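Order as written gives the chain letters A, B, C and D; numbering starts at 1 within each chain.
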Amino acid sequence: MAALFRGSRSILHSCSKNVELVLVSSRSMASKTPVGFIGLGNMGSPMAKNLLKHGYPVIATDVFLESCKELQDEGAQILESPAEVADKADRIITMLPSSPNVVEVYTGANGILKKVKKGTLLIDSSTIDPSVSREMALAAEKMGAVFMDAPVSGGVGAASLAKLTFMVGGLEEEYTAAQELLTCMGANVVYCGQVGTGQAAKICNNMLLAIGMIGTAETMNLGIRLGLDPKLLAQILNMSSGRCWSSDTYNPVPGVMDGVPSANNYQGGFGTTLMTKDLGLAQHTATNTKTSIPLGSLAHQLYRVMCARGYANKDFSSVFQFLREQDEEAEKKGD
Amino acid sequence: MAALFRGSRSILHSCSKNVELVLVSSRSMASKTPVGFIGLGNMGSPMAKNLLKHGYPVIATDVFLESCKELQDEGAQILESPAEVADKADRIITMLPSSPNVVEVYTGANGILKKVKKGTLLIDSSTIDPSVSREMALAAEKMGAVFMDAPVSGGVGAASLAKLTFMVGGLEEEYTAAQELLTCMGANVVYCGQVGTGQAAKICNNMLLAIGMIGTAETMNLGIRLGLDPKLLAQILNMSSGRCWSSDTYNPVPGVMDGVPSANNYQGGFGTTLMTKDLGLAQHTATNTKTSIPLGSLAHQLYRVMCARGYANKDFSSVFQFLREQDEEAEKKGD
Amino acid sequence: MAALFRGSRSILHSCSKNVELVLVSSRSMASKTPVGFIGLGNMGSPMAKNLLKHGYPVIATDVFLESCKELQDEGAQILESPAEVADKADRIITMLPSSPNVVEVYTGANGILKKVKKGTLLIDSSTIDPSVSREMALAAEKMGAVFMDAPVSGGVGAASLAKLTFMVGGLEEEYTAAQELLTCMGANVVYCGQVGTGQAAKICNNMLLAIGMIGTAETMNLGIRLGLDPKLLAQILNMSSGRCWSSDTYNPVPGVMDGVPSANNYQGGFGTTLMTKDLGLAQHTATNTKTSIPLGSLAHQLYRVMCARGYANKDFSSVFQFLREQDEEAEKKGD
Amino acid sequence: MAALFRGSRSILHSCSKNVELVLVSSRSMASKTPVGFIGLGNMGSPMAKNLLKHGYPVIATDVFLESCKELQDEGAQILESPAEVADKADRIITMLPSSPNVVEVYTGANGILKKVKKGTLLIDSSTIDPSVSREMALAAEKMGAVFMDAPVSGGVGAASLAKLTFMVGGLEEEYTAAQELLTCMGANVVYCGQVGTGQAAKICNNMLLAIGMIGTAETMNLGIRLGLDPKLLAQILNMSSGRCWSSDTYNPVPGVMDGVPSANNYQGGFGTTLMTKDLGLAQHTATNTKTSIPLGSLAHQLYRVMCARGYANKDFSSVFQFLREQDEEAEKKGD
């Protein structure tokens, strides 16, 4: 975590250097005016609560009314549709499962853009295809509104503790206004560039994360089968050029580290299904931009296989167990 | 570097815990007695010189007489064959290109084992198949000698500066004797376990290194094509779960870091040919132990392609340039 | 070719079995009424000419006027936009480079659907994402028109000789009407099922084709390096279970067969760029349908690399040359 | 099967063309002299019986005495060791599980070469690394004997029916002598070239077979998920460029063909374990010859995963079931 703060400071620093003083619109300075929130799932709910904690009136909606109840009890106002929320709030945050939901919530029959007010700031924290973010930004611009993409890294726990990392894409002069709200929900807010670059940064990080995790699992498994002690091998990798986040912070081999999913039968953490979804986005964006991602493509296919072999809801570090079991079975079978 | 020392200390510590007091043979305590050295290539030569610097008489040989001249001028005694060296020294270090050379130097017509003395300590620093190390250990044992594998990480520069890392496999009670010599040539000496585990540790580290490097190159390339600034993307990855040695210490993208091969047109560093050789060893050991290494296998094939596309002698981080050029050409071609 | 006819007959047969008698609309029986044709590129031009040869008046348009000239000289009427063509013809064929072009030509400002007449038959022979075909079909249905997808296999040569194979998706009762026109341009017309299945069939065939071609190239290259004569190896594969179209009909190794691109420095044939595009479609549809295609994904990445290494415009069988050259260079480099 | 005969004739023909008249040693003409047979497993046993049927006295041995009993009842003479067999027969056939067994049976303490007679013809039908075949040939040559590699394709059934295909490597002037015996056990005997090329041909065929099978399974699965009827898709592929042995002769999708393992819950046929072993040999030979086999490597890793997921003893076409189940589970899980 220390590393995160250090990291983030250096980034804000590096940004400030190439940011000339900008006139910030009065709206984005206005504080404690109501904030709209659309999408009250496992992530959205705790995020909205953190806004309430910071004294922001919250006007929310969700397709599932149950998810609204709880937030209502904590003081949020619940409306019927995104359009109605857009009619009442000039800063709106959306947190939705995937691209089609985002398209519906913004451009649908009762979507935000049907009643959005000029100058409204729209922040989408969903993880979707950057090209969809750019489409939404164009649609919003036509209505005189501003759209930014701000996907998060960090799970439900980080959402409750306001420890999320936000990667933000959009007009730089609107960044301060977004930052004001995002810092209520996250520990790190990073400005990435034009609209869509927030999504790009998240997709890139998670693709490299998946490659590093599968690579660490393959390597630890090979080393163990060659007679190395797992803890010793992890120490050697972590003091050498094989070091990565998956080997030194989130090791997938049971018994090597405490307090990680591998120490708890791969419960909790970041589900294989979610990683597979993000790798699908990487696959799409790579194909659309004609970029070669051989290891990223293979990682995607391997996680898809795991989803289907009963690992969908286990932490994505369970790829070690997946590869390991195999070999043990293989031995039994005398393969 | 600090990290390395810290790392290595913690390992020696962790070892000492599960090491019961052992009787160390008188031989291994004997200091400044002659040390044999076989294989005076780019790596072997500076290693042998560091032994001379520490006051050890060196008795050496190499198939190429030229390579012997220089060392002779620095005071080493040069003999005709490994057998003759074995006749004169009771501690011998070998540093050879590949498995067949090791087999020849140890078991050949004029090989070490033809004249090796009982109790001689044989340390092989070549990077070879762990199963060949075990064969050599058995052959040595039959002659009453002791064989340890101690492959290095670090290149010619580290060899000259005595900054190599040695990964040692063999009888634990002989480790101290080996350590005495290896510390003259390296900054880190790590005991890995039975014979062959030194090779295993190196192969594992380099396989994960290759996966991390190609993954970093794919990811940086994808991010750049999605509109992210390379330096900013590197910062984001390095403060997040995508972090790895290739992203934060040896970034493959020109302009992101100074003092790395990518800042110098991929000159120097660790050649693609050498990485390809190590991945071939990983492939062999994985097949022999029936271990699945999907990403490791693909990394091997990709580096083989690069070897053939003119990248053989460039640093292995040039995989970024390899992927990058492609895409630029592809655009020109309107693919 | 014999095989093709036999194959296609058996398919039509198998279809007829599960087709109950359908009332065919008068329109689709009407013969020699004008046919609209949009997209006069390398493929579209010869296709339209074959319609003229069969006595169909052709009303055509293309964004590039030059491409229209030639067809005009052969008697076609040239109009300004897809909308105008739709205003004059009740059967329209489109042959366009990719999905965005199709979307524009059908739903754009001057698109077909702006002036399409009720009951018009729209046949799209472009190779695009099946989900886009389904979107176009829905849009056409809203206007009372019928949309079918009918991508082709076979290149410019087959287009000129009316030897194309059409894979058709759409309402079965409209198939006869489409068949009447498609048989003027192709030797095989296969009904595949609902809208989009024509695209699906083509994407599937080309994915397996790419896998078989790269596999054949890898295998022939390995065999040659192991000392086998290429012609003999091809004979052995072709009488054994390794047999595939790429080994027995389109062998990628120069000197094994005559009359194939490998016998002519990989000129002509099916360009690597086009294969890469089709593999991109396979990648998209597989991700969208959550289907694992490990070999298909890797084939896609390898062809993308080739596009960037100067193979974009060579026949896709040049993957043998690509792999082969590598190894020869590798040897020179002593890798 | 017809195809096989046609195929093989064309090969024998093509051979005869570039074979100058050779003096055939008297020994190889001698008929009905005793034949040695070492290795009486599932394959070796029926092969030896076919030699008995053709009137050849058989002198056999096997490490498991039980396996000898049955053959003894049919009239074979059973001896204690390979050395003793070599002492009594001047033509010996070996059929063993893997390279180490071959090395032991030929060069071990009681191995063939301990008592082999000058001019003896040694035929190894095991499937092993071609480099081991070459080593055995050199060792045999030193003793004045002749070694040929003659691995088979076809399973236990083909062995019983004498329908095996033999791929033979070795001195061309010895081929006739080998052919005389091999035709008693197989329907096809193909001369491939120097020692080791028999193994090379088999490894190459099976690598391409594995790639074609996985590719066919991926493609059929994708097509089905895109709405195509499996039988229709198979027909389309088989009349098009996607055609391969796995699609038109051994289709992996249940319900598409009769009389193949996919029609019988993947029982019988060619076990996944055996295919995985052959792919391991391909991996080794490719690494040793520095050949890029990206698809072959990935096929190897995928079959290794299957071995460990309970598919080890199913036919290798069960890769369709493996991929298919996945996706169904994945849907249940709402991945």
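Please note the rule applied: contacts are C-beta pairs under 8 Å (C-beta built on N, C-alpha and C of every residue); 3 or more make two chains touch, one makes a residue touch a chain.
If you want to know which protein each chain is, UniProt gives these names: A, B, C, D = 3-hydroxyisobutyrate dehydrogenase.
All values reported here derive from a predicted model rather than from experimental measurement.
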Relative to subunit B, chain with the most remote C-alpha centre: C
Chain pair showing more contacts of the two, A-C and A-B: A-B
Inter-chain centre distance, subunit B versus subunit C - centres from mean C-alpha coordinates, in Å: 51
Length of the line joining the C-alpha centres of subunit A and subunit B, rounded to whole Å: 39
Residue numbers of subunit C (touch at least two other chains): 290-294, 298, 302, 304-305, 307-308, 323, 326-327, 330, 335
Parts of subunit A lying in touch with subunit C, wherever the complex brings them together: 280, 283-284, 287, 290-294, 297-298, 300-302, 304-305, 307-308
Subunit A residues within the subunit B interface of the complex: 3-4, 6-8, 10-11, 14, 130, 153, 165, 167, 188, 190, 192-194, 196-197, 200-201, 203-209, 211-212, 214-216, 218-223, 225-229, 231-233, 235-247, 249-250, 282, 285-286, 289-296, 298-299, 302, 323, 326-327, 330-331, 335
Contact set on subunit A toward subunit D in their complex: 273, 276-277, 298, 304-305, 307-310, 312-313, 325-330, 333-335
